[in-house]
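Dropping the structures in below, format is structure tokens.
Two complexes, one shared chain (chain A), two partners (chain B, chain C).
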Partner chain A sequence: MASQSQRARQRAVVRSLRGLAEKVYEHLEHGRIPEMSIPLRTKSNIRLNARTGVWTYGKAKGTRSAKTLKGAKMLLRTLYVLDFIRDMIQEGKSSTLRELYYISEGWEYAGFSTQDESNLLAEDLEILTGSLREDFRLRPEEDGARVMGNLTVEELNRRGEPKRFNCRDDVGDSGYGIPHNVEAEKLKLIDCDADFALAIETGGMFDRLVENRFDEDMRALLVHIKGQPARATRRFLKRLNEELGLDVLTFVDGDPWSFRIFASIAYGAIKTAHISEYLATPTASFLGITASDILNYDLPAADLTPQDAKALRDIQSDPRFGDRFWRDEVELMLEVGKKAEQQALAKYGLDYVTDVYLPEKIAQLGLG
Partner chain B sequence: MPRQSFAERLAAKQREISVSEFFERNKHILGFDSATKALLTSVKEGVDNALDACQEYGVLPDLLVQIDRVDRDEYHLVVEDNGPGIVKRQVPKVFGRLLYGSRFHTWSQTRGQQGLGISGAILYGQITTGKPAVVRSKTAQDDVAYQIELLIDTKRNRPQVLKRDFQVWDREHGTRVETHLRGRFINGRQSVMEYLRATAIVNPYARIVFQPPDGARRTFDRVSSELPRPPVEVKPHPYGVELGTLLQMAKESSHRRLTAFLQSDFSRISSRVAKEICREAEVPPESHPKNLNLSRAKRIHVAFRRVKIMAPPTDCLSPIGQRLIRTGLRNVVGSLRPEFYAPPVTRPPAVYGGHPFQAEVGIVYGGELPGDRPVEILRYANRAPLLYQQGACATAQAIESVDWRRYGLEQRGGRGMPYGPAIILVHVCATRVPFTSEAKEAISPIPEIVAEIVRALQESGRRLRSHMNKKARRAKTSEKFEIVRSVLPLMAEKSAKITGRPPPDITRTIAKIMNVIWIDERVVFEDGRHRVRVQVYNYTSARKRLALHAVLPLDALDEATVQPAPTQLRADGKASWKLPWIPPTEKVVIAFELVGLGRRGYEEGDLFVSGVPTTQVVGAEPLPGDWDLEATLSEGDDLPGDPLAEEVAESG
Partner chain C sequence: MASQSQRARQRAVVRSLRGLAEKVYEHLEHGRIPEMSIPLRTKSNIRLNARTGVWTYGKAKGTRSAKTLKGAKMLLRTLYVLDFIRDMIQEGKSSTLRELYYISEGWEYAGFSTQDESNLLAEDLEILTGSLREDFRLRPEEDGARVMGNLTVEELNRRGEPKRFNCRDDVGDSGYGIPHNVEAEKLKLIDCDADFALAIETGGMFDRLVENRFDEDMRALLVHIKGQPARATRRFLKRLNEELGLDVLTFVDGDPWSFRIFASIAYGAIKTAHISEYLATPTASFLGITASDILNYDLPAADLTPQDAKALRDIQSDPRFGDRFWRDEVELMLEVGKKAEQQALAKYGLDYVTDVYLPEKIAQLGLG
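Our next item is the complex of A and B:
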């Protein structure tokens, strides 16, 4: 049962999709070579938006032209995906990105050869039409976050009935699992009694903090982001920050890949910079593990692999990591040539992380 | 007893320098200097002998080469052929004397030329193992084979027969030679296997079975029943005769007058020329050839050069020929699926120092041939493979002097051995191949010979380049082709469906993307016929008119199937079609069928165009300047869209 506004939004989406197909049609009709231009999705083309504090695409554009086989195939696939999305909207269905990939197998010549290609194209369409993947009825299959702490939410279940939970008292040890769609129409944030949200990379660390009742002791909302966080997770963190005024602290491993996880939460990911405003939490802070932590806490550390070192050097040329803090940390990590996992803190006992490390680090950030 | 003079003692010693000592001292120039090479040379002498015999006899060769290991370094070698066999009384002489036989004094193109021949191999075996050779031979008239065990009396250079026997033999006729020898069997480069493989390439009419000492029997099958004509013996041409030979010939001549000797024992000397030589040399024409002394012979030798004498006849040569080179290469390297066999080049005969010779080249390219090393060189002299001394050989020097970068192979600095996935075959045939040594390992880099090989290489290289150009342009254009053929129509259909409008006309977009005239040749082989379709697509934005030209194999062409009929078809197979106007994105098809060529007899034709700028054309070459068209078809300035030129051309 779509609401009036939802239907209006769908009509707008269909209109903008049709607009793209019309451009191709016009090009062909006028004897021109069909083409589409979209912002370059590279780290050299992301700019800090001073107003919103997030990184979005700059002015550099790439052109996809039917002059090359690659470009021509991409345009053709775009048309097929447009057609497919339009059909889904009209029939009130939805599919996962993986399903889209498999459906494309039936398009023979226009089919995708990898799911990465279809994922990228879905993102292209978001950029070209200014809509969201969700508007296209495309769902990710990636896992949303688990939450533990004194937060009360109200979720609309499959039957369309609102259900209310407290994310500490009404759930088991694994916490509350957020849905793919965390928009207000689906998920309402009712009430919260916490001082900050702690985004945790690994399940092991999340479970450690749950077992040690860190959420209760430190008035924290624990969010297990499961590695590189899904869009829903990042959107959820942003809502916690914007609507409930919670500070978002990020607690991840001490290696370049985890630094990137932080960047996608705080600054916006390069791949999805067109919706950074919607996903990124610019005030999120990086709690650890830092390169300095490895030295200060004398953590058990592994040597950087050549890939790690290359990723660190890439970070050095990534404009999102341009501030003093990151320059120093990345340089230090390259200098000591070591990386450490969150769980390396267990060297000093199971309670060390909750009794000593986190309180110290939180105090350093001026929150404790 | 009178004291022997020093000279007499020396003479006695000299007599003792026997053939075997001579052999021992000169092993290196005879090809027996290492154990590995000795085994290979023995095989080579046997096989050369066998193939020559079969070819002279006019029978398709059927050879067996078998090597067994007897001891750590002793091998038992068998070479068997289905040649004419040798009559009983000649057998000991043929195999038991060094330098016996007519070959050393005749001039004809045979494999086993100049060398020691099979008796050298027998002698080597005898010296190194002490064991006799076993020779078996049977002529078509014999019911049973005659078999002897024989040693060479090295002091007197005479055969010494140890045992005579008759044997039942299932071959109708042929010869079998068995020797024991010290040697070493290897695989890989410069091995017996490599030699036999190389032999099989240029003798596709031969069946060669090889049984190595360890491992499986390998058979090189016969893939052609076309036997080359037997070599023709020719008399020496005066330019190619050395002074010593001249003296020897005069001594052996049956003629009694010098002029008659010159006229009938040499080629290209008429009675007028003979007299002129005598006058020039100031030697009485009536003198007896047997009395020709050194100073007179010298004067005659000089006179040969002063008197104008016709070049030697060249019809005595028997090149392998384009077809057999191609067939042989396919048979032996076909398993590597090469992408291109350049049409082999056989140069017209030429002459060096009085000897006629001819150079031939074949190039194979691509497929699974290794691309990261120097190209493989297959060298041949009178159809016999050359495996050693590549650097000293005229063939290698010719290859190194060509700038292969022009023909699409890698080569540092444009000199030296080229790199790339290719095999280059070079064959030199001559009545007398100038080898660098008695071991017959390399052809002397005589300038005339090197120059002819270079010309053949360049000609073949041009074919290779033209193939590679075509391939590169096709690859580039085939991407565009895919866009306009596969992507754009779907794009039109889909955009029309989404927008709910009629399908757009994509003609102009196609022309904009392609902007070429695309010529595509498809060959299908079925029912023994090659069905060839040449499609000429006009993927430009204007209508086009052009002429297409091709060289058709007339002996295989089914003329009734040529559609449309060519505007002109000449006796040499050159065909030209003046095509009608082709509107943008439309095409014209030319079809014809070839009969009786065999599956691989036709892969792609040489297509040429005229009448349009050739930069606009993909899939055909510009018409070469030497095509020699008649006036009505020379459309050089008959540009499309110029009706006046059109009328002139048609009325002319």
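Our next item is the complex of A and C:
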């Protein structure tokens, strides 16, 4: 049921994977020890791309060589994985990263010791081929987002039939669950009548806004990102922004871990900086909970743990958080020594968040 | 938009809550120190109800008295919570348990110190009134199940409009997401053409069975229970079994934590034994992964940690696991010292689970 453009893209992916195998073969044929070189994926090696506004890897590289037993195993695994991906593409299958890890149990000497190893290899292959893990038909365990609001999508289902859903009228109260592949071949964004998208960290808050009909009253598209958002969720937000021109506002807890959730949406994650252009929404705004909110709204707050304080200090040296807003907010949070959850707004009753807090904050961002 | 029976039920709930407040008032009026007595919720105080086949609390009781400052605070909180629930019922709202915890920040001396306290109180109120937390309009954060298969449901959405969905034809590949309230007033089970329901622990395995179209090929209703299932999910499985006559098969990881997931589905959880009749499906079968499967299918397995071994020994003294099947399987797992995940079946390729493992195991259960 693959379309022509999809088939062309698949052929290109298989070609680039084959290219990697050929390099190893050439090294061996010329009596050289095979090796692969890939960019270092560390905080010190990410740079702001001024044109696209996202953070990507710099020029520092590392080399994996078959000189050592460990390196040789790594190259053998790589070849096995290339083979597995080619088979999946040919058979129209996909697999979880966990399944890939277990599949390697059948590779005798080349099995992965931990899933971290196979996950990293999948990311390395993305960098080396310029393709996406989604092109390799590999996906994480994580659930994708739930969506509520006046957006119409067309999903090509597993039978290859296009199905249209309005994410407000054709779904139950739990909303529309995005599939794990949200590429245009799988999911088309047909039509949307909303002023902005609100990315919401917790299910409790998403359900609160659904129950209070915030999507209808404020012409909002509600997206439950389920904590640290899956790649499919970040890609979905990016497409809402890019294709439909929706502003993306991020509404998360007020603590360093949630600041990182925002960073992964807006700037891209350090681990996946090679695909930031594809996943990040540089114009996304941080709506709250801010350290200032804790003071201004007198929110129930918990003391920062030593881990929280350390994470905040890490943020202070993270180039993605270099602007004035973040410098001030992180400093303030360290100063007051408090963090707060988005549901803490319930202190003032169940409607406060939709009647007072969100309208005020949205107006402050100049969108109200 | 509440129906007449719904309104009658709501009035009954408000009446029973009022009854609790009246008792405290009476105690005070007669110059007695107010107190409440509730069943002890411990492993030693659960008993098998021979008629219903589920485990419920025995006769052991504890007393909360205003004799101490702690007890007095507890009673004050209880009265505040009764008030809050009555307001929600009157306004047609609902709230998360987390929101209830934060709401208590407004109660000056009576605020809860931790959410555990407010959760426990909500359960105590269920026991004292014979009502359900759902009647109190309180719900957890957890996501409900995703469903894929030939089941048609009618959900009364937040606007009070009935909406019909076929959980195979009217949904995307992520399936139908059940709402957090699955009572008959909210969700009607209209029609089902399936031979059994398969409760699946991990999202990766659910997606595997969806991709492999196991629901179509084996006439199965697939239910992703998302690890330890939310109450709404257990209630949903119970209703599939009771109203539609579907056998419920449980397909989880092979380790003590997943055995407990099965127990909570089949026998009810210790913490919520007061509502086992409402949540538990006593005829549910454990399909796998068993300790025997690890040996018979030569599955990739990890060593039991000391915590795993301790949990298995706890299971040996848990009355819910008293039958021969469980005694043998738990003993075998301790003997081989191994545990395995359901995705470990990928060792034999992505189709092995649907082509070989599940048909074999289902035939063993006499359902094939």
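One rule holds in what follows: the second predicted complex is superposed on the first by the 360 of 368 C-alpha atoms of A that agree within 3 Å, B and C clash if a C-alpha of one lies under 4 Å from a C-alpha of the other, contacts with A are read in each partner's own complex, and residues count from 1 in each chain.
The rule is simple: contacts are C-beta pairs under 8 Å (C-beta built on N, C-alpha and C of every residue); 3 or more make two chains touch, one makes a residue touch a chain.
Keep in mind it's a predicted model, so treat the numbers as computed, not measured.
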item	value
First, second, both or neither for A:Asp195, with chain B first and chain C second	neither
First (chain B), second (chain C), both or neither touched by A:Glu117	neither
Partner chain(s) touched by A:Arg158 [first = chain B, second = chain C, both, neither]	second
Touch count on chain A, higher of chain B and chain C	C
Set intersection of chain A contacts, chain C complex versus chain B complex	none
Residues of chain A defined as touching chain B within the complex	17-18, 21-22, 24-25, 27-34, 66-69, 72-73, 75-76, 79-80, 82-83, 86, 109-110
Residues of chain C that touch chain A when the two form their complex	88, 93-96, 98-100, 102-103, 105-106, 139, 141-144, 146, 155, 157-158, 163, 165, 170, 172-180, 202-204, 207-208, 210-211, 213, 226, 300, 341, 343-350
Of chain B, residues touching chain A in the complex	479-480, 482-483, 486-488, 490-492, 494-499, 501, 504-509, 511-513
